[in-house]
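One structure follows; several queries about it will come next.
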Amino acid sequence: MAVKTAEQYYESLKQTRPTAYVLGEKVENVHEHPLIKGQVAGVAQTYALAQDPEGKELLVSDSSLIGEKVSRFVKLYKSIDDLLIKVKMLKLLSQRIGTCYMRCTGMDALNSTGVITYEVDRKYGTNYQQRFLEYLKYVQRNDLVVWSGVTDVKGDRSLRPSAQPDPDMYLHVVDKTKDGIVVRGAKIHQSGSLCAHEGLILPVREMRENDKDYAVCFAIPVDAEGIIHVYGRGTLEARVLEGIDLGNVEYGKFCPMVIFDNVFVPWDRVFLCGEYEFAGPLVRTFGSYHRHSHGGCKCGVGDVIIGAAAAIAEYNGVPNVSHINAKLTEMIKTAQTMYGCCLAASVEATKSDSSIYLVDSVLANTSKLYEGKEYHEMIRMMVDIAGGLAADMPSEKDLRNPEIGPFIEKYLKGAADVLVEDRMRMFRLIEKLAFETRDIVSNIHGGGSPEAHRMTMFRDTDLEPKKKMAKRLAGIKEKN
Amino acid sequence: MAVKTAEQYYESLKQTRPTAYVLGEKVENVHEHPLIKGQVAGVAQTYALAQDPEGKELLVSDSSLIGEKVSRFVKLYKSIDDLLIKVKMLKLLSQRIGTCYMRCTGMDALNSTGVITYEVDRKYGTNYQQRFLEYLKYVQRNDLVVWSGVTDVKGDRSLRPSAQPDPDMYLHVVDKTKDGIVVRGAKIHQSGSLCAHEGLILPVREMRENDKDYAVCFAIPVDAEGIIHVYGRGTLEARVLEGIDLGNVEYGKFCPMVIFDNVFVPWDRVFLCGEYEFAGPLVRTFGSYHRHSHGGCKCGVGDVIIGAAAAIAEYNGVPNVSHINAKLTEMIKTAQTMYGCCLAASVEATKSDSSIYLVDSVLANTSKLYEGKEYHEMIRMMVDIAGGLAADMPSEKDLRNPEIGPFIEKYLKGAADVLVEDRMRMFRLIEKLAFETRDIVSNIHGGGSPEAHRMTMFRDTDLEPKKKMAKRLAGIKEKN
Amino acid sequence: MAVKTAEQYYESLKQTRPTAYVLGEKVENVHEHPLIKGQVAGVAQTYALAQDPEGKELLVSDSSLIGEKVSRFVKLYKSIDDLLIKVKMLKLLSQRIGTCYMRCTGMDALNSTGVITYEVDRKYGTNYQQRFLEYLKYVQRNDLVVWSGVTDVKGDRSLRPSAQPDPDMYLHVVDKTKDGIVVRGAKIHQSGSLCAHEGLILPVREMRENDKDYAVCFAIPVDAEGIIHVYGRGTLEARVLEGIDLGNVEYGKFCPMVIFDNVFVPWDRVFLCGEYEFAGPLVRTFGSYHRHSHGGCKCGVGDVIIGAAAAIAEYNGVPNVSHINAKLTEMIKTAQTMYGCCLAASVEATKSDSSIYLVDSVLANTSKLYEGKEYHEMIRMMVDIAGGLAADMPSEKDLRNPEIGPFIEKYLKGAADVLVEDRMRMFRLIEKLAFETRDIVSNIHGGGSPEAHRMTMFRDTDLEPKKKMAKRLAGIKEKN
Amino acid sequence: MAVKTAEQYYESLKQTRPTAYVLGEKVENVHEHPLIKGQVAGVAQTYALAQDPEGKELLVSDSSLIGEKVSRFVKLYKSIDDLLIKVKMLKLLSQRIGTCYMRCTGMDALNSTGVITYEVDRKYGTNYQQRFLEYLKYVQRNDLVVWSGVTDVKGDRSLRPSAQPDPDMYLHVVDKTKDGIVVRGAKIHQSGSLCAHEGLILPVREMRENDKDYAVCFAIPVDAEGIIHVYGRGTLEARVLEGIDLGNVEYGKFCPMVIFDNVFVPWDRVFLCGEYEFAGPLVRTFGSYHRHSHGGCKCGVGDVIIGAAAAIAEYNGVPNVSHINAKLTEMIKTAQTMYGCCLAASVEATKSDSSIYLVDSVLANTSKLYEGKEYHEMIRMMVDIAGGLAADMPSEKDLRNPEIGPFIEKYLKGAADVLVEDRMRMFRLIEKLAFETRDIVSNIHGGGSPEAHRMTMFRDTDLEPKKKMAKRLAGIKEKN
């Protein structure tokens, strides 16, 4: 069976040798680095739960491509049910991990590449889809982690790729040979890239004829020559070596910049190369899939947020207060909205010509807009419920100090039946859930910024039938 | 076939002779009264569209009960698909009618009665369900309009039914004979009662043993002896005789108070009588169904609102302005949220023991909360986009007046290619959509007030698993 | 003394003979017309309260111009205190009248004309300010009601005045003689024009050289030849003849379109004529003053809204419920915000070269933005608290009907110690406060639309110093 | 003159020897500790600016108490002007420092103690006010930094002080001698306590007779025997030794828990001791003053936030984009609202019997509610405008690394004329402004939690006159 165990995943990672820098230093056994290993542990859970009776039902599915059971993270969306289960799978994992396990990006990138290669081939007679499906078989058989490389560094945001003073601000083809292509550029915010075996690299925006060399899609091993991962630092990183103060004690997230310094890609891993009019559809298809993923993921994290708020209210001795219950209800409303709109985006999915199902983009983007805005209000309410200790609680080291430890033990006591250490742990989790930049900023900018979601919704909504409805009711005769 | 035409509906109404008062006067041919006929026309559309290829697919279904095609408005929810199609049917109808067509209340009341009679019978060995199914066959075979009578006048809100100084503030049984029961009380906000053939009357709240006589559910013809319908007046009622100024030129809404002045109900139409612990489940089941209906309905009206806003922007000469598009996008977000959460409440539905499907109450209530609050912001944005003429436009009579008509024609001109009359019609529709109380207040209070939705959501959400998730992530060991 | 009594006001109105149409009919004694007299009664209160010990302190002030006591409504803003008291005066009046008393528009128009005529004279050596001050003396000595005519009908909103297909879509000078000018056009949303003795007409936007003829400001009697007032209809107008159902039993609002059909204005009443670069400053000065007025006015109406919500909660028997108190608190927050920002806009006022004080435009516009959005949420909360009877309560005629009156009396009973009639009255007031278009739409569009307020705030905020602050803190050296 | 320079402040701090623990270690020269010195630098600015022509006008005032110039931070509020200038002073300082300079807490505590000691003396014939004024003279003559100790650790929040299982969860008197009192307990969230010379300790809530020993107010040197300061850790503390990555390169904030381990206080420094009914008024007076302070402070920080957002938009190459300008306008609205409501709370201030002015509590709490909620949306909008680099930017060490530094320099380039280092600095400032817990949580919980503000507003608003206004307009006769 093509579904790996967590141990096999850890083992397979050891076979990779990515070039990685963390806070200015080159790191060898990077998967064990304290700033990295938390997310490796999260990804490992996607393997562990596939072996678990509870998780198996959602995480494992059949692949007609290889005729075996595969992880849903490497499967194409072949039905409405696939999309519904995807949402539920991500929700479950987020409830368990409380932060990013990154495999949804690869899943969404694989599916969007599947949709678009079909269309490119139809227009140009290319054989991208065949290449892609061969690649996908390899991924499925080995149950690989694929990260998706979408977001370029972008340079001056007002300029198109080919108009930038430095042509490398968007990743592009700098050479073509009979064996393959050479690419250069840098992708930023690459959630968990070092947990992956492979990257699937997509253009970040629509392209015009001038931008042709930027219309490129390909797969690449995480440790290919010329690829450099540079760790991006976040708010709470310094806590990684510390027990209680870590908040989420096992799992974490990191988002490197990944530099492509003249990286060679053989042709059989190239899935788009110059067909610029498909760059936009490719990234938009990815975008809708990924906003759909966010909804599933963040309603799961949302349950953790709601649970943390409800728990700390108890720990503080105020378990049943009307204004707290009112806030919890608002929080439930927001989490359910994201979840509900993603289920609905699945139900309203349509089959593309490639036979892969496309989510309803308006509903998927609607869900993401709540993550970008109301979800922050939900986090704020958790802090509001928790109280000021989310800001400035003494450290575990103070608790363990023989002189002041007893004072900490005495004065951080809340409800009688709650251990001080447990109360401190819960406050640290709340701090982590509310203030870890790699998670929080992703709520806003992950899968595109809110403005991108709004543009998509507006573009994908046909106002004409709605105007007609209004005119008919007002008794206005349409001109022909 | 048991599906009537619009003409047959009109004909059948003439057979009813309800006692009705409008603005202090007793009215004979009430279905033709200008304040009433607009909603009769809306209900007639539920028949007309069942004959129309576009509407048929959603509006007509099979009934295993009578082995015939029936209107979906009189059918039980026997699958997730039934619930999904219900949402789409209501959306379509609202897009066509732009206001209330009232049949959803009966549909929801029939289904909740179906669910609960099964449970009562199981506990008490009564035969309510059989009675109910016989009644339902009658309704299906004759394709009747059923209105649901839920909301009592309630008197002093702080007192339970049996504690009111006047025992009639909630409808109750005042006598029982071998033939049936006699009831007294008054139901308020009875949307479109006079368009119906029958009423299905439910308790409005949970009841305790003292309130036993108030735990009653039964069916009754609209014109039974002792029933008096009293029209409730709304903001724009005075426009009913006037063309353009009417806004929605064909359809309208009215919500009488219906008085039950010692009304006799034979036993075969009584579906609950004294089993007080089922009053709460019955109204809560109805509530979740009806909030689900609201979501389908109001996203359809929402499309009309969005269409009216987009149309008036064009009529004003500002079809493509960034802040207007930003507002339209927010409006789309709200309408899609209501729709999405209702589809999701269908997907997450579960089969009750009666074999009727129950919607997910948290998702259904989530949808309704957006109707109660964000929907009003959506309406406000329509007025914001439209401009001040929504407030104080001269009347059609001014337009037709030979002296000042030409001034109106001259000075109310907007974009060059739009007729002044059409612009006036669109402004009147906007006025109607934004300020007709019977519609607007229903967004807030229909299907229960927002506070009821919040209570339901909070009660129906299990916080324990969420607290456990947070504790596990924080490294807190649960005590056993 | 130059301060009239209410009786003198009524008497003086009789001397005017405006041409007026209401719902398609020419009306003679228009001030007594049921659709008009409610606002005349409101304006009369501005006179009555000037004689009242409570109101006098705010409403009466000294004019250095004529050396007499004058109504504050015809006084120039000569100090910060004048602006602070203005806010309090408007708040008091709104608390008493609950709707529009319209004199603030004239007060703001007089002051902005005072500011700008000074500047025009300085640049061009004209003598507009002298003319204006002579006119103001006449207004002060006779304690006149002045309405301000600002909003043109605007035609196609995407076109400038001089580019409209019909040149009359903005009011403009069509002829000049040695005696005066002739103007043509139409002003819309002219709140209470028929309650006034005089109009002060301003341009509605900034003008360019091509629009020169549209840069015109002048004063005109309400009944000058060629002026036609056309009543604009609103939601609840049909209630005017009915007692309880009227809601606000004494006062009302109307907003005609005022047509200027070749109206002659003598030179001594012309205060701007062709100096196009001053049209923008004039309307912007008016705009800031008027948004400042709105804040004072609407926090007074806001108190009525809060009071109505608190009263109906009692009448319904739920005087002390936590979610209702939470809503009342939100409502207080919004009303106080509008009030607070207007007081602050007064405190931060600066003296113009004309010696008239200018409010802080950013703070005044901030206040108005709350009126445009959060105030609607406040109104929605009142309806939420009140319950469904705001939508569809039977009429007073039903209450008085001998057959069903007793049922109404019985079934609309709320708390034991509250008369049914009083409860009905309060529901009608709530309906009026929430759904009367002439009031509600004015919250959004009065004093310019929300987008205009945002543009003003953005334009009037200097971002450079703020950017410098951020750079200094980040350790960024500014280039010189 | 009693106004110190920054150097004198630094010198004076050296004379103090507080017992302090930071992350589990006892620290000797604590004022130079990297986690502490940033806030000392901020406080030093309150001295430096008092010598600066720009700051002097706001920061220095006359004290009638000692007949000398004093810092406004140690002055009583003797007029409306004092309160207006306070708001402007705090705004200026926050614009300069971008985080907490802590002296407002002492200023507000001194004033509230001044108000209440007068009232206690009047009732009980005590001489607290005299003692207090003597103490204040000492503070003024030496221009001391006073921190206010208000928030107790509180234990089980559902229990009153005297009902806690551990009686020390609220600070209380454990012994009284002829020389003074001995107190025990712990105060949490003591912003910048180690920057102070003195603490002024107040009760945190209203007390009943049982809680008598908890009704205590006194002054104490920062290094009195038995006082232990324990540093509370926050999100970004680990950056303190690093240049660019620090964000706000000079200033910082810390909030220790301060333990009172049987601390002796001589009688002449005791200002309340057992008069329990004044504990509530004392903390409520402090609360309103301090919410007023927050509004001044946070609109200054708000200007930095707006400036950072506007600057990063330029640095990203998108200086003039409509949706960014729309967001900046919303941000301005929120900052101005807080400012405006605080100016208004000053204008509406009233003179207490002690002759110290009391701010309008409803307006001051209104301002604070915006800080608690809408301000977070403002911060979210800054991150929305900035983009994903706020989450995960490589570190300065990466920039300085010879191997990957050139890649960082290349790929983090934005607009052509902006240095990469400057862009990185601005992103780090944004990270700091958005995610530093000690600042952010204080927006919510500083000066009491949002629920406390709502309770205060509701309690301090008289609904009766508002209900009367509504009744009068509805034509309801009041019963006598």
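Just so it is clear, A, B, C and D label the chains in written order, and each chain counts residues from 1 on its own.
One rule holds for everything that comes next: a residue touches a chain if its C-beta (ideal position, glycine included) is under 8 Å from a C-beta of that chain, and two chains touch if they have at least 3 such contacts.
Model, not experiment: these values are computed from the prediction.
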More contacts between chains, A-B or B-D: A-B
Far-end chain from subunit C, centres as C-alpha averages: A
Subunit B and subunit D, separation of their C-alpha mean positions in angstrom: 52
Distance from the mean Cα position of subunit C to that of subunit B, given in whole angstrom: 38
Between subunit B and subunit A, distance of the C-alpha-averaged centres to the nearest whole Å: 40
Shared interface positions of subunit A, touching two or more other chains: 323, 326, 454
Touching residues on subunit A, where the partner in the complex is subunit D: 21, 23-26, 151, 153, 155-159, 165-166, 168-169, 186, 188-189, 228, 230-238, 245, 254-257, 259, 261, 316-318, 323, 372-373, 376-377, 380, 383-384, 387-398, 400-401, 403-404, 407-408, 410-416, 431, 435, 437-438, 440-442, 444-445, 449-451, 454
Touching residues (chain side subunit A, partner subunit B) in the complex: 84, 95-98, 243-244, 247-251, 303-304, 306-308, 310-311, 314, 325-326, 328-329, 332-333, 336-337, 339-341, 343-348, 362-363, 366-367, 369-370, 422, 425-426, 428-429, 454, 457-458, 461, 463, 465-476
Contacting residues of subunit C [partner subunit A, same complex]: 322-323, 326
